[in-house]
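See structure below.
Every chain is named by a letter (A, B and C) in the order it is written, and numbering of its residues begins at 1.
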Amino acid sequence: MMDLLSKNSRIDGRGLLDYREIKVEKGLIGRAAGSAQVSIGSTKVLAGVKVELGEPFPDAPDKGVLTVNAELVPLASPAFEPGPPDENAVELARIVDRALRETEAIDLKMLCIEPGKKVFVVFVDIYVLDYDGNFIDASSLASILALLNTKIRSFRVEEGKLKYEDGYMPLPIRHTPVTVTLAKPDNGPFIVDPNLEEELSLGNRISISIDELGRICGIQKLEGSLSIDEVFKAVSIAKNIAPKLIEIVKREAV
Amino acid sequence: MGERKIVLPGELLVEGGEYQPGLNVFKYGERLYASKIGILSIVKQTVSVIALHGVYEPKVGDIVIGKVVDVGAFSWAVDIRSPYTAVLNASDYFKGRFNPAKDSLIKALKPGDMIIAQIADFDRTKNPVLTVQGPGLGGITKGIIVELSPSKIPRLIGRKGSMINLLKKEGRCQITIGKNGLIHIVGEKPEYEELVAQAIKKIEKEAHTTGLTDRIMKFMKKGRELSVS
Amino acid sequence: MSAEFVRVDGRLPDQLRPIRMVVGVLDRADGSAYVEQGNTKVLVAVYGPRELHPRHQASPDSAMVRCRYHMAPFSTKERKTPAPSRREIELSKVIKDAISQAIFLENFPRTSIDIFIEVLEADGGTRCASINACSLALANAGIPLRDLVSSVAVGKYKGHIILDLNDEEDEVAEADMPIAIMPSLNRITLLQVNGVLTEEEFKQAFNLAIKGCMEINRIQRETLRSVYSSIKGEED
């Protein structure tokens, strides 16, 4: 693999900055308010959205609540053990959560019914179903696509009371962040979208979230270390690649 | 050799291809860095750091003092204060004439017993194997044992044995130094053993200072005067 | 960057909070350190390397690092339940990664190095203070290191790029970016961004953070050296 990398190519024949084939299926889960399954190569992630009534956080009484959870279910890989979410699942959920939250992807103010008392809570549950590397980018895509796919009963707020109307409406989505994960060996070039083998053997990995306006909306250095120049290079690559993923989001959101 | 310069992990020591990394020093390109807190020592082209902290890392050939912690069917487990528990085989203790029917391991050595042994075998895939076949090796029955940070053993020995010989002479004691930071002291009187123990503690505390040998000499002489009176 | 901007606690944008670092504060642990950055107070204990049981969890080639970042219930504004939160789980992982890069793990196969972090008071920058304390505790334990790891957070607060955010600034900031570096080797071992930044703002903030880390590194070295300068030879 290292030999190939030094000649700027990869085991599966991809270019250094190429994603594997990305496939999207939406609305698979009838009982969910919204859902999307994203495959990147053999990695498959299913995200489901449920919207329920609940209480706001004390420090944001006029906003709805977004909560993201992720599970690396045992059937996805011999490496995943049954049990409560481990540090990798928790980290995954929080990476996806931060990008959605910090860009204010969902306009949570529009989901407030009675400030301090009643709001809509948006649950995003990420299920990694098949693991061949890079569940982060797949989860990030699946989450935003599931949110875009979500339909809730049309409602309006009248004097602090919830009144349902006929029909369904989408969630108020304002931004569409995506995540680009890069890996590199200690001496060698960056590659985008590491597959499992690359993830296990290249010692350094970093995930960078970018929204449709080209803003950095999240960074998580994963294992390994990078020089200062390498950090700037990674950000630059992510900014250039993100539009390709955002294209997919735009296309599928229709 | 100059004064005692204290260096820290990640500190650049020297630069240049002619230098070789010694103990607790690593090379990155042409630069040599310290990997532990310690005293810089450059001998010819070898750059080392005499660490002031750290566990004992076993090496084949080292003499160590250990405590028996468990008795098995064919071996004892011995704590040698390193990350790895050491093993003393019955076949070694009984000089190859081990008869499981007759010889009882627990009668020979039981948990809590101290031994002086040598590291016969050790590599990355197994725990250290000890031998008690050799002069001065075996169970410890008299004297006292003092603990010292293993990284300070070089200071206890001193240049060309100057410090340890001083202790033996002024303390009128036999001193066996376990490379793993345990010292066995056997003396004419318990008071002498105690005095040497205190001197060792003082050396541990002041290992990084200058003029230590002279101060220890004074300490020992004064201590002996006091114990005679 | 506005040089005249004065922060809620009177600091300038590129100023660190008052820092206090002490090493070797615990007797039982193999290495320990206590760090204060402003009101944030962190205590770290290191045990190891020690034999790892069960054997099958151990790595045949290197030491395993186990790291627990935990906040005391009284450390936060509102009492935090003692059970590990998702944030503590993530930070345990992230801190472990940041500090492991510095350790010569291959020197101690089949062992574990256990790092315990207790946040006694949380006022922003707890993971950075933790990393700074971990470096000191590991050096104190005599575990071979490539370098000390030095860490600080930068952020964007009301449009200004600032260094070493406290909790109050953190809550309002548009972006918060903790960073850790091994200065001698120029390797970044921790990098997170929580918030929104342009690429230009990111570069600016990043460069300020590196300056902050260098200052932290200087204080860490001073702290380690001071242990020895205070013990002089004693004439009895």
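To be clear about the criterion, contacts are C-beta pairs under 8 Å (C-beta built on N, C-alpha and C of every residue); 3 or more make two chains touch, one makes a residue touch a chain.
As the structure is a computational prediction, the values presented were derived from the model and not from experiment.
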item	value
Distance-maximising chain from chain A - centres being C-alpha averages	B
Central chain (by mean CA position)	C
Mean-CA-position distance for chain C and chain A (Å)	28
Chain B-chain C separation of Cα centroids, rounded to whole Å	34
Length of the line joining the C-alpha centres of chain A and chain B, rounded to whole Å	55
Of all residues in chain B, the ones touching two or more other chains	none
Multi-partner residues of chain C (at least 2 other chains)	182
Complex contact set, residues of chain C against chain B	30-31, 48-51, 60-61, 102, 104, 107-111, 139-148, 182-185, 221, 224-225, 228, 231-236
Sites on chain C touched by chain A in the complex	86-87, 89-90, 92-94, 97, 101, 171, 175, 177, 182, 186-199, 202-203, 206, 210
In the complex, chain A residues that touch chain C	59, 85, 87-88, 90-91, 93-94, 98, 102-103, 206, 211, 214-228, 230-232, 235-236, 239
Complex contacts: residues of chain B adjacent to chain C	6, 8-12, 24, 26, 28, 33, 35-37, 51-55, 57, 83-85, 124-125, 149, 151, 202, 205-206, 208-212, 215, 218-219, 222
